[in-house]
């Protein structure tokens, strides 16, 4: 084999290998790599049963109910398409508010409620003074949607 | 005029591969020790964290991966150090063959002597942790894809630390952080399977990493060896 | 005809200059003895000439071409033997010799290997692992390699260390034969070797 | 004047000696201004309250951690390909500053995460890859110092830096590629989602950190040059 042919074969096979590698990466990013699901995915039974995973979404406005012991709290997480009821006992983070982003770790029970062992607040990349936020809200811009706007999901 | 045919990649690969395998065959003790370490550490975990079956099933894939990673790491310091000390590296560097050929051969031999035994043993350890048949298969597949990548990454780091002071600790500092993605996706594949999800994205990423690693890392190891011999 | 030429080589290690402006020329049938006291940079000079160590200035030419830029043609003709000869303790003398040759020159036959080992007096020990051989016997494996390798240029670093008188005679014979077939050799040594070198290169620190 | 005039360690030593104090002065002024804007002038955030003010340290530190690694790897590549002494010394001089900023980013992030997310540390992609970056810096420093011959350490460390460059896009894009708790970036080439005075404070701090990094790198490279060239005539003449 001539050196030039040999080099051509090396280059072609190298490019082919890189092509396969990028196809594999693209394939991987089509699906869920972390145990993180949106309410729509949970509703579509894509989330694992009997195993802890995380759900993310917005706390539905007006859904937060504190039980009498003041530690257990019920709320619903929504991605505006589907909602999942969540039960959590413990201290909520300061930024936990209705209408804000939240990530909850826990298990899905048979009755469709999500029993969270941890609740984390996800905040967005917007920084503004309260007056500006108020003005935006009056103008009808739901700024909190941005918190999950960048998220992928099959929903 | 040249009496010696200008070398080929595959010739160099075969030379290094056969020689290293022969050497580890002469000294099966090292492989045995590595396997014993793997089994022993993996058996320590149930004793340490408690033998609750659910918990063991939950941590099984991750623990087996960490143990495999550490066991594969054990044999890394010796990968090039012996050849460096006895002058074989110089001979290989000055041979008319492309250097990446015999470096790849050595890495492949390292995988044969570490990754393959670990992969073959993993199902037995998985049984210890009560993993089901599907998870066990995926775990072995992930190890089969991930351990060559560990050998590749480790080889580049081992070549970098040749002749360094405190080479063993330094190798741990360099290699273990680079092993992190392999561990995440390797253990992730088995975990996805055990919780009823598709392990294919994790396996795809491992495969992609292996392809890119197999192309780039032997070259990096060559540069490192050249630096070491300078 | 082959020729090795070095022009104005300079090298420093760890910030300390070892030698400066070293030049020599070597053609077929000649050998150069590199002399100098310990630490004068003999080993470094040999490593520079064979392309292992980078040098700060100068050039090494093999048949008029830069040895560094066309390394395959140069290395196909180069046999370098440093302090450590690349001998594995766990392999037998026979296997060590076969591996060393297969790395460069292709696999020789078992008869050829046996013949070369017999020539250097290792016939009876050829199936012993190298760890059971003495320092001089291990050196003799290297001599057997010199006998079989078709390389035209030898670069040898203290080849006579640990060899007894008989071993030194074997080396002299091998060198003589190598030169007679048109070979070249660059040898760092403290010993007097017959045949006499074409030139002596004396390194002064 | 020759382009490589300043690439000679002796001239660069003098140049660095002149530049370093200025860099520190600029860093001090910008830092003071940035802290004033950030801690006094900038309004309270609508969502996070006062806690958000961590961004004035956290975000510039995180930027610097990645940027300095990139610059370090570039110097490493330069020293490997062209065998230039000064580039290798610059790479070595940048590493400790980069490691410090990585540590600061992780540390301030933890103290931000606790009140906002509800956890000091989460094993998500952004945080894990930033932690790997810290270990890459440690590895670079340790490998560079592990050899008798400093040039040998230079080359090995430069190669390690180049291998580790793979981590940079992973850190940067992790919030896009994976569902993570870490929010996306507030400042991009397309615009910003921050209030003007908040942005001003953050940018002032970023420039202060830049200036500080250049200053420390120059000061450190001076000591490296002195140590490496201690046998030369010009150092003895000092």
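Each chain gets a letter, A, B, C and D, in the order it is written, and its residues are counted from 1.
Throughout what follows, a residue touches a chain if its C-beta (ideal position, glycine included) is under 8 Å from a C-beta of that chain, and two chains touch if they have at least 3 such contacts.
Only a predicted model underlies this, so the values are computations on that prediction, with no experimental measurement involved.
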| item | value |
| --- | --- |
| Chain whose Cα mean lies nearest the overall Cα mean | B |
| Pair of chains joined by more contacts [C-beta pairs], C-D or B-D | B-D |
| Chain B and chain D, separation of their C-alpha mean positions in angstrom | 32 |
| Chain centre separation (chain C, chain D; CA means) in Å | 49 |
| Whole-Å separation of chain centres (CA-atom averages), chain A against chain C | 66 |
| CA centroid of chain B to CA centroid of chain C, Å | 36 |
| Multi-partner residues of chain B (each touching 2 or more other chains) | 230 |
| Shared-contact residues (touching 2 or more other chains) in chain A | 29, 33-34 |
| Of all residues in chain C, the ones touching two or more other chains | 54 |
| Chain contact topology (line, ring, star, complete or other) | other |
| Of chain B, residues touching chain A in the complex | 58, 185, 188, 191, 194-198, 200-202, 204-205, 207-208, 211-212, 214-215 |
| Parts of chain C lying in touch with chain D, wherever the complex brings them together | 13-16, 54 |
| Chain B to chain C touching residues, read off their complex | 2-7, 15, 19, 22-23, 26-27, 82-83, 85-88, 90-97, 229-230 |
| Interface residues, chain D side, partner chain C - complex | 83, 148-151, 228-229, 231 |
| Residue ranges of chain A in contact with chain B within the complex | 14, 17-18, 20-22, 24-25, 27-35, 46, 48-51, 53 |
